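The following pair of complexes shares a single chain, chain A, combined with chain B in the former and chain C in the latter.
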Partner chain A sequence: MTASATHAALPEAPKLDGRALIVMLLLPITAVNLIGFILPVVNLAMISFMEVRSTGAMTGNWSFAKWQLVVTDPFYWELLWNSVRTSLTITLLTLLVSYPVALYLHRSSGMWRSILLVMVISPLLLSAVVRTYGWIAILSDRGLINNGLMALGFDGPLRLMFNLTGVVIGLTEILMPYMILALLAGFGKLDSRVEEAAATLGASPFRVFWRVVLPLSLPGIALGSLLTFVLAVSSFITPKLLGGGRVFLLATEVYDQAIVTLDWPLAATLSIIVLVVFGVALTIYSRVLKSLG
Partner chain B sequence: MEEKPVSPVLKVLAAFGFLFLLAPVLIVVPLSFSNDVFMSFPPSGYSLRWYIAIGANAKLLDAFLFSVKLASLVTVVNILIAVPASYALIRKAPFGADAIMSLLTAPLLLPTIVLGLALLIVMARAGYLATPQGIFLAHLVVTLPYALRVIATALSTLPIAVEEAAATLGASPLSVFFRITLPMLMPGIVAAAALSFLVSFDEVVLSLFMNGPKVTTLPVELYHHVESRADPLVAAASVLLVVFTLAVVIIVDRSLGLAKTFVK
Partner chain C sequence: MIHHASTATNIAAPLGNEAKPGHGFLSLQGLSKRYSEFVAVDAVDLDVNQGEFVSLLGPSGCGKTTTLRMIAGLVQASGGRIVVAGRDLTAIPPFRRDMGLVFQSYALFPHMSVAGNIAFGLEMRGLSRSEISNRVTEAIALVRLEGRENRRPSELSGGQQQRVALARALVIRPSILLLDEPLSNLDAKLRDEMRTEIRDIQRRLGTTAIFVTHDQDEALTMSDRVVVMNHGRIEQTGTPEDLYERPRTPFVASFVGRTNRFSGTALGRSVKLGDTLVHSATEANGPADVMIRPHRITISTGSAAASGGQNTLSGIVRRMTYAGNLLQYDVLAGDLTFQVEEATLGSGRALAPGTTVTLSWSAQDTLVFEAKP
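Then we have the complex of A and B:
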């Protein structure tokens, strides 16, 4: 950055010395960060160690009850396992659908590439509610797929939503842009001359892909998978709407405990478990990245 | 770079991927013109009844107005806060500027469900739950990192030589900032404003935690509608939302380039 090298050349305001000015300029953003982020998060961590009365009111005493409950009740272990398994499935599917899209984007150029890129990015700017609603129109009993199947003579609707299937399909699509952008960043290293060299030396297209393209894109795959996984674990709009209250995941349980049951200490405890899952995923990611060199 | 032939297998797989990605957005368009009372696809007939129904739905219109007001206020305050902060971090480059930047953009790393719960508890205790102030602060927390990052990036790519020349010629720091830096920074500010507006306008998780009878945003109202009823009303609302979003996207694209905002 040239800014740090040359900033001394700028004359300072006469009344304020440099440091006072910096503090003043940074004060509002720091205040927002402190009041709206640091304080609530620290408070959240503390709340998970608070005692609650049966009415839902907190007594102000410390307690490990919620952590004890979460660790000993098999329901919460199943919830955790459900969330992790579902998110892993979604990550794998997202990778499989996104990889060809990203590779094609990498190979395209000019105006066509810009159009495709906008097509990939635009869904990110659309509310998850709208995109989930689109999936309801496709997957519901009177949606595109079931009406299509019925027109072809199949009887009885296929149950594609209000279950895990719907949640997995919907989230796979919703998380695709993140995966595609991560893969695309990873493809930066992919030099088409290496592919050409392999092809010239007699490797079949499949072999070129398997031995050259895929290994070189592994860092992008790792990053995309990390992003997709953590977003899947923490998303709850799509699981709520496409799961129809029949799919229980960590994130949906955090919301239900906070809004419906009003058990804030339990919600806080579960949300810290979400963060622990994040931490574990991040650790695995950095290990993988290290082993890739 | 020369064009490389793309294998047909890749073309078919990529086409499938694109179709899958765009399917939920594409299906909403014909569905919004449905004449059916319930959601059914393909619709048995077409009409504008659901667009007319939006006009008659006071809850939806109120939520839309609230969302626009909220997003506008959030955007203005964002810019007012992010421009000075970016200036301090980039032009003044204080000790630990990178660390401060990481801390200030950290809210983006926290899952919104966790941040939503954290804010819910604090706001409830302070008596600001389900108030416009509460939802405003929540939106500010998640949109400021975007504004800060976009403006800081724009500022760091500005040639500093012009500012230095003005200063050498005797312009005061304030006049250098308002006459030179700010006008050159305008594209970055427009992009940051559009991004802040869109993120606030589309935000649903935090709003769900913060919402109340008088403070319901459009995404929250749509969420509750989808949760309780399956009719094409949301399809019509979605189409209007897509048009609205596209308009904002085009503004960003014209001023800075959409691709550059997301892919460095």
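Then we have the complex of A and C:
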């Protein structure tokens, strides 16, 4: 059969052209995103421009008051800086403790790998609230660590809770599974043969790591760091419980303004700022990814 | 400042220390690898001379790759010694062994350019920048990749990637070049080209090379000597001709080249195969395996008496396969089926199934192996 004959036979068959099919397939996710994400964000942005009474009731008039407050009051700048710095610290620590675990997991195989993977994932089955209370039992003045230290003759309890230290310790552990899974997903280019090639060419184990393993795992590091950073910025239960009201971060402030003070426009304004932070993080991530090729 | 190297043959292998007399430049002595329940390599002894190209040939799982990886230091030997130029390397880690390894999967550094890949081993040796640049340029010329210095491995074809891997392994002027099935990921035509190229470069540089392959054609055409391995042991070591003409075991006879294989009873210089008696050139007695190469058998339509070989049998063509350069026949002679190969000398000469033919071959082409009790 010639090509033209094939062509002539086809148009009669009921057939969607490619573009219509793509539109149809994208419709459900577009709808979900529109209803579940875009509209609430627009709504949030609108609330941030509303006038509010001290009782929490909104008057229905537009107002720039909250944005003006947030931009001019140094408290909120400090809050932003605190949040970003704390989240970056947590991200870095999570990366440092997760990287060896992920690398070991990447290299293990069979039953042992499955067992390890389950051990990594299983904390995700518990809510962060429960795990935070677990940390309280460990870190409090009469907790596991302090009891142990004092039994060894250490003088007085070490303040591990109700301060930034506690928040960083708790969140690092809580975010580890995400980091490990993201690192694993990004370790695709790591190949034991390539490491062996470097070794036969004269590279000591340290130089194999520095020149081959680390550069090849950068995509995983970038992905894991982005994910962990975003989760750290937006977490509020753990900072609230382990911070004991003494650690001020953007997410906890949003919670306080929305639930305690009932200042919804301020909560909305701060939420939008959190979104901006995410946008910046995402931009940096895509730049890094592009430079890695 | 850039110095242009005036000597083009700079990349030649280093003058090795004189090997001890009676030992090879590379000497494997009782080399073994045991896993908990499995012996991968079983007391292998091998001596390789400087500048020699030696192949390790065998089916998968025969221990050839494990042997190579032990030489490279990537697998720890469970027994025996690896000696290079009189120096015991058995306990030395791979990065101090000074060997160039070319992997089947190329194993190039994906995050480095072609030049970066080749320079890596030189950087590890702490050479000066100008020295590295000179030697990288030479190595790139050696494998004919000029103009692709700044490409990433992913932008190269399989053959080009293999060339980069070869240059990367050679540029450090290794004491021994180790090649682990380097051609099996290439297509047939490229494979032939690379065979010649690897062998030419190795000859020119005088590098000692160990080449692992499961492909008997590669082993025979490239090597000075071939080591046939099976079940972790060396079956036979010899020149390609030794292995093909004078195989010492039935395994070597059947693995190297195609063969007709029969069981029979040896009676001195002849063997009884069922009702058929065939002549051989070697003395043997008792139950025996008999092998005859398909292309050593002459097939003709003349009568038995007219044939010149010392063995003549008459038979009937059962099947004919036209393979371009070869005609392959299955011929039933008595109760034995022989595979016979004949070069195609022109068209229209193939014998149709059903034709009565005479098979003949000389007595020394009957390979007889006494069956082990």
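Details
FYI, the second predicted complex is superposed on the first by the 252 of 293 C-alpha atoms of A that agree within 3 Å, B and C clash if a C-alpha of one lies under 4 Å from a C-alpha of the other, contacts with A are read in each partner's own complex, and residues count from 1 in each chain.
Definition applied: a residue touches a chain if its C-beta (ideal position, glycine included) is under 8 Å from a C-beta of that chain, and two chains touch if they have at least 3 such contacts.
It should be emphasised that the depicted structure is a prediction, and the values quoted were computed from it without experimental measurement.
With both structures placed on the common chain, the touch criterion links A:Asp191 to chain C but leaves chain B unconnected.
When the two structures are aligned on the shared chain, A:Leu289 is found in touch with neither chain B nor chain C. Chain A has more of its residues touched by B than by the other of chain B and chain C.
Of the two partner chains placed by superposition, only chain B is touched by A:Ala251; chain C is not.
Look at A:Thr200: by the touch rule set out above, it reaches chain C but stays clear of chain B.
When both complexes are aligned on chain A by C-alpha atoms, chain A residues 205 touch chain B in the first and chain C in the second. Those residues of chain B lying in contact with chain A across their complex are 1, 3-4, 6-7, 10-11, 13-14, 16-18, 20-28, 31, 38-42, 80-82, 84-85, 87-94, 97, 100, 103-104, 106-107, 110-115, 117-122, 137-138, 140-141, 144, 148, 155-156, 160, 163-164, 167, 172-174, 176, 198, 202, 204-205, 208-209, 219, 222-223, 226-227, 230, 234-235, 238, 241-242, 245-246, 248-249, 253, 258-259, 262-263.
Interface residues of chain A, counted against chain C in their complex, comprise 189, 191, 193-194, 196-205, 207-208, 211-212, 215-216, 293.
Looking at the complex, you find that chain C touches chain A at residues 72-74, 93-101, 103, 105, 107-111, 120-121, 124-125, 152, 165, 168-169, 172, 178.
Touching chain B in their complex are the following residues of chain A: 1-4, 6-7, 9-13, 18-19, 21-22, 24-26, 28-30, 32-33, 35-37, 39-41, 43-44, 47, 97-98, 100-101, 103-105, 107-109, 114, 116-138, 140, 142-144, 147, 170, 173, 176-177, 181, 184-185, 192, 205, 230, 233-237, 240-241, 251, 254-255, 258-259, 264, 267-268, 271, 274-275, 278.
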